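Okay, handing you the structure first.
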């Protein structure tokens, strides 16, 4: 386990007893704990073994905060194409915040109404890293990538239907982007995007030491 | 065969003798002739049986013009994301022109440099129908669809590599567009887009008669 | 928001409170409202905040009509291959009607009994735009496209099983049609087809102005 | 080897020496020989070891006829959607003929111009089995299946491009046909269709004996 | 509707009122009625409007028998690879029986225990048409096709898991069979197989008349 | 590098200079060398730097034998469905032989003519491991797996066309086999099968020591 | 049925009466019985007809032990990448144990924390066969295959989400492994892996007899 | 064009005249020029219009250096699984170098021989960003991601055959990695990886300014 980093448990597909057991062991160490894909039942179960658990419902994350982290100067901006992408965006945003990052949220700025995105270009420019979360055709990452010159983490979501094929459409769009500077994570992997964005943002905090 | 319409032959995968035979029969009627996916050899062979053949190399089209069509008032705008999409765009544009349409070309305005597209929004607004031709992630159709309120014919191209899967990526993007008013044709089907755009444009020419 | 156009909300995947909030904001403006993919519960919730809500159950659409639109002279014909395609066809038809179009419905005329389609060729010929809705092998769009010379919007549906792969079969059929003049929308996207057909039909109403 | 049946060799992917060796062995028996997917070079090589070889170029078949078969009363009709499907149709037709069947060819009657097919419905009705060969969207099998009440063998071809995916589109169309009485063979498998059609046709010849 | 043939209704995805309405209309004519993919509820509803309804639970078929058909001399043999394939096999067998065919059932003779199949080769040889129903790897059709010289209708089933991909595996196996004389229908399409087998079997009954 | 094992170089996609360089280094050690996917040009180049190179053309393997290995008592049987699968089978067989195994070849025993396979069941029973190599529908592995009770290594080949999709069909068949005791390697991976079979065979040679 | 081997029934997709019937017949013979993919209800039903049934809940296996098997000297090691893979690993382990093998379990040693795997290399080395069970990217099999020189049976699991496509990702990883000596079974096929591993392990027990 | 950044042209699929025209325009500005996917012929053509062109053959890149960039303190490490991945790795490395980054190359450290990777863990730890380039099963990115705590850019390559499906296998592996901190680019997109890595590395150079 890297020091300073929270310990992470991915709850999806695990039984509650199981999750509780793992969290119990983690509580014996001093790190913050991040339980992703946590249902309300998971939250209830964790609350019984510690008073410090907080639940971010939209993000489906339980956080057990054991020590405070200083907030970064650098900003991670999290953008979504639509409102249905918000849960995944929140997974990314909360993950990044728990890791000590300053996060800016810019939701529902998809390409079908591109002016809303353009009106916010200043906020885009201020960010050190951007997380672009979009389903359906997933064009948001390309458009943002064409506007800014910071790294863009693209998160395809499974929002959509028909030939969307559960997020395949957005995934392929993002992988084939003609804009440079885009790295893609798995469909609906808000956690992974928040974690990678944090790693990148912290490089700026550390500056030239490594 | 619909009167006023050219007779069309799709040359790809046909032998030259075969194509010449078909064109010869068409020549006995009075319509214009459009031979798509025509190689230079096809052009040479057609030239031998008629003096009126013209070759649009980039579009891979041979036209035999037998009667003049009045140009439409309504404009079909053909846009491409990149320069590699131009041959398909030309297939659409030349098809539309041979069918009597006024065509405006706006090439290389892909989303990686979205400002070039936005700078041309007036031309976009003037069009009665727009054909959006794009490969790779194919986001152009969505972005244009979000800016204008005329019908957009989206043509995915096979331009790209890797997870582009020969145009599948652009095809899925276009089918899943969150912008309304987009109809999609087959990958690389410039002819089909030009033909459909012409049908729509002519509705405006005819006005309320049908 | 384009004037004259209704405001649209896509309900699928959104929470009821969320939808109600959006509709409440829309009600402050003067436009008609179209809520697609609306369950009966969504209808109940909208009825509580406005008296003008009407529910088209088969189409899964709630309409809040605030101002009357003149009906078009041009006709949009909506055809289906089977009876299981009717909900998607109704989504298209109701969308088109709310947008002010005159709509003709011709259901269950699939290719397995082609005579029923041929017997109605006069109605097909009268239309300015045709929406062809079909699942399984989706051949309806090709057959109609071969009979008429107006634009055909093809809507693949997810009706079928096995190697239908949730509509993929019908989608590919429609994209590969050898008939000219066909534009395809996403699987089950009745709304998108109705909207695009309306755009095209209105071109005829406006005539040569643009 | 079934008596009366020819011996068959599938040449594709085999070396010429190899093919010659196999044919040589077959020549020692008394049956007719059918070499499918044979290039002109294969024909030249077979001609050197027997005088009875005939080459059907379009069908890519070499036949070595050693004994005459009586022609069937029942008719196998082979139909194609386009001209590019003819080589596969000929593979089916020649196979059926070599197996002793009476074959009727009806080419280029695809659904884009459905009237040509309908004009020939009498010929369709006369057949005992129909082979429907079509690429692109492959709707021909469905349309024929809806018109007739004899078995239809559907042969998808790889003719097409883009989202045709080398015949996948036609294959799925045929498998998902809403018409009853259709059996599908592999993409481009003209031989298999001719063989199966012959088996079925011969059942009629034998009548009630089995 | 072809005389002598039953009228068929595919119930899956239709509402009960809807199905009842259709059956009611069919009852006004004199034909037998076959309702496939019928749940027990569908059966209950049909029983209320006619006394002649019978339910084949395993086959999920409701039959309304209005007139007796003479049984064929020719035999349709229905074979399955495993026991989980039996419902689809019964759909085929009952369909064939309702159409007047003599049916022989040979279940659970899959290739994992090939001796059970070989022990029954005499029954295989006696059949005029064979329907081979198999899921998982679907090799049954190939093995039977290699043993017999009558037509084989291959029905892939969705039985299996993992890389079976809901029947895709068995479907591809059957389409790529190296045995000749195999026609394939859609995954789980027992009805289609029974119907096609009946058409072929009846050719033998009619003998040389057509 | 494991002692006793040859050093292996996979030549496909590497430049000749590159391959020669690697082999030169390998020659400084004492092990046998196996160069797979070697063209005749590769062989010529290796021959220039060592006198011990032998070329197995069909297997596309160059062997540089530096020390003799004792042959195993246990037998690896390599079977193929068709003749076109032989090159891949030879890749497996030669690999196994170079690794010191006794190999038995049983080619062209595919399921379309299952009697040829059954006639050889004694040879099948004698083997300690069997490698089943088949393209098209790939049913051979299942059938053999049902007959024997030793491990079967299944090698799908890319032999076939159309819905074979370059070996996908055979691959899925083998993965979904209802026979137990089958392990699958990549499409056309004869080397991998030979290597794995050798590992298993050697377990028998070593007996209970590990 | 092979002597010494248990009789196996795959319960998934079968009705309880059905399963009970099959087990009842098996009880009349003397072999051990292995019922895989058994729910608790299946266990309850089997318990009613025999006292010897034991339920391995995690493995979803019911065992009816009728005679004791001597444990092998050779060890089968079962490793998993994550904790969510354990049920499939247990299916493999329990299968192998019921077949008389000595099994070593090494769970949750996935590549994300490779040190845990490396720390256990001695246990890896001691095994005669290894079963590597992993979902998500499935890299475990490659890493283990690179460390050991015994056969590795790779079991992809459906654990994961998004572009995992229900185990496709892990399956392809394992099939394309650059390590030699890996055989792959179907996604989630723990039984198949345990069975194949047992076959291989028993070869070592028998030694040179065959 | 961002200042300091080179101007980039992607040559694949463009005609030489076309490329020369674009480069000529770029030469009028002062920036460095990077022409990727450049054949030797492209290089020859560019050399004719400028003396400053250099060709990186393995990387398929032409660089026209117009101004020197200071090298970064932070290191980008580029690792490959095999030797066949080196061209793509060089595309990444040269891109990063031209953008002013210090690059460390660590080639042929794939998971089949994991010790070579582990032996270099110090070099891995020193890097600020790592680019992991791998084909076949693409497990390298996961293994590296599990060892380090800096961002990893994963580049799947099309190296492999069979079920590799031209890089799909490696792509899915990388997207599904259980290690955190991995961003994926398109198959074979070395340029994109080098560009994104440079963006991230420069964040460290700039430190807290943004």
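Here the chain labels run A, B, C, D, E, F, G and H in written order, and each chain numbers its own residues starting at 1.
Simple rule for what comes next: a residue touches a chain if its C-beta (ideal position, glycine included) is under 8 Å from a C-beta of that chain, and two chains touch if they have at least 3 such contacts.
The model shown is predicted, which means the values in this text are computed figures rather than measured ones.
> Strictly by the touch rule at the top, which chains does chain C share as contacts with chain H?
Looking at chain H and chain C together, the chains touching each of them are A, B.
> Comparing D-F against A-H, which pair counts more contacting C-beta pairs?
Top pair by contacting C-beta pairs is A-H.
> Using each chain's Cα centroid, which is most distant from the centroid of chain B?
Max centre-to-centre separation from chain B belongs to G.
> Determine the centre-to-centre distance between chain B and chain C, using the mean Cα coordinates as centres, and give it in whole Å.
Result: the chain centres lie 26 Å from each other.
> In whole angstrom, how far does the Cα centroid of chain F sit from the Cα centroid of chain H?
That pair's centroid distance is 36 Å.
> With chain centres defined as C-alpha means, what is the inter-centre distance between chain C and chain F in Å?
Computed value for the inter-centroid distance: 57 Å.
> Two-or-more-chain contact residues of chain A, please, as numbers and ranges.
Within chain A, the residues that touch at least two other chains are 162-164, 168, 171, 175-176, 180, 186.
> Every pair of chains that touch: which are they?
Result for touching pairs of chains: A-B, A-C, A-G, A-H, B-C, B-D, B-H, C-D, C-E, D-E, D-F, E-F, E-G, F-G, F-H, G-H.
> Quick check on the complex: what are the chain B residues that touch chain C?
2, 5, 8, 73-74, 126, 128, 149-151, 153, 171, 175-176, 180-186, 191-192, 195-196, 199-201, 203-208, 210
> What part of chain D is in contact with chain C in the complex they form?
81-82, 110-114, 118, 136-139, 142-143, 145-147, 160, 162-165, 168-170, 172-180
> Flag every residue of chain C that touches chain A in the complex, lowest number first.
Checking each residue of chain C against chain A gives 12-14, 18, 156, 158, 166-168, 171, 186-189.
> Tell me, which parts of chain C touch chain E in their complex?
83-84, 159, 161-164
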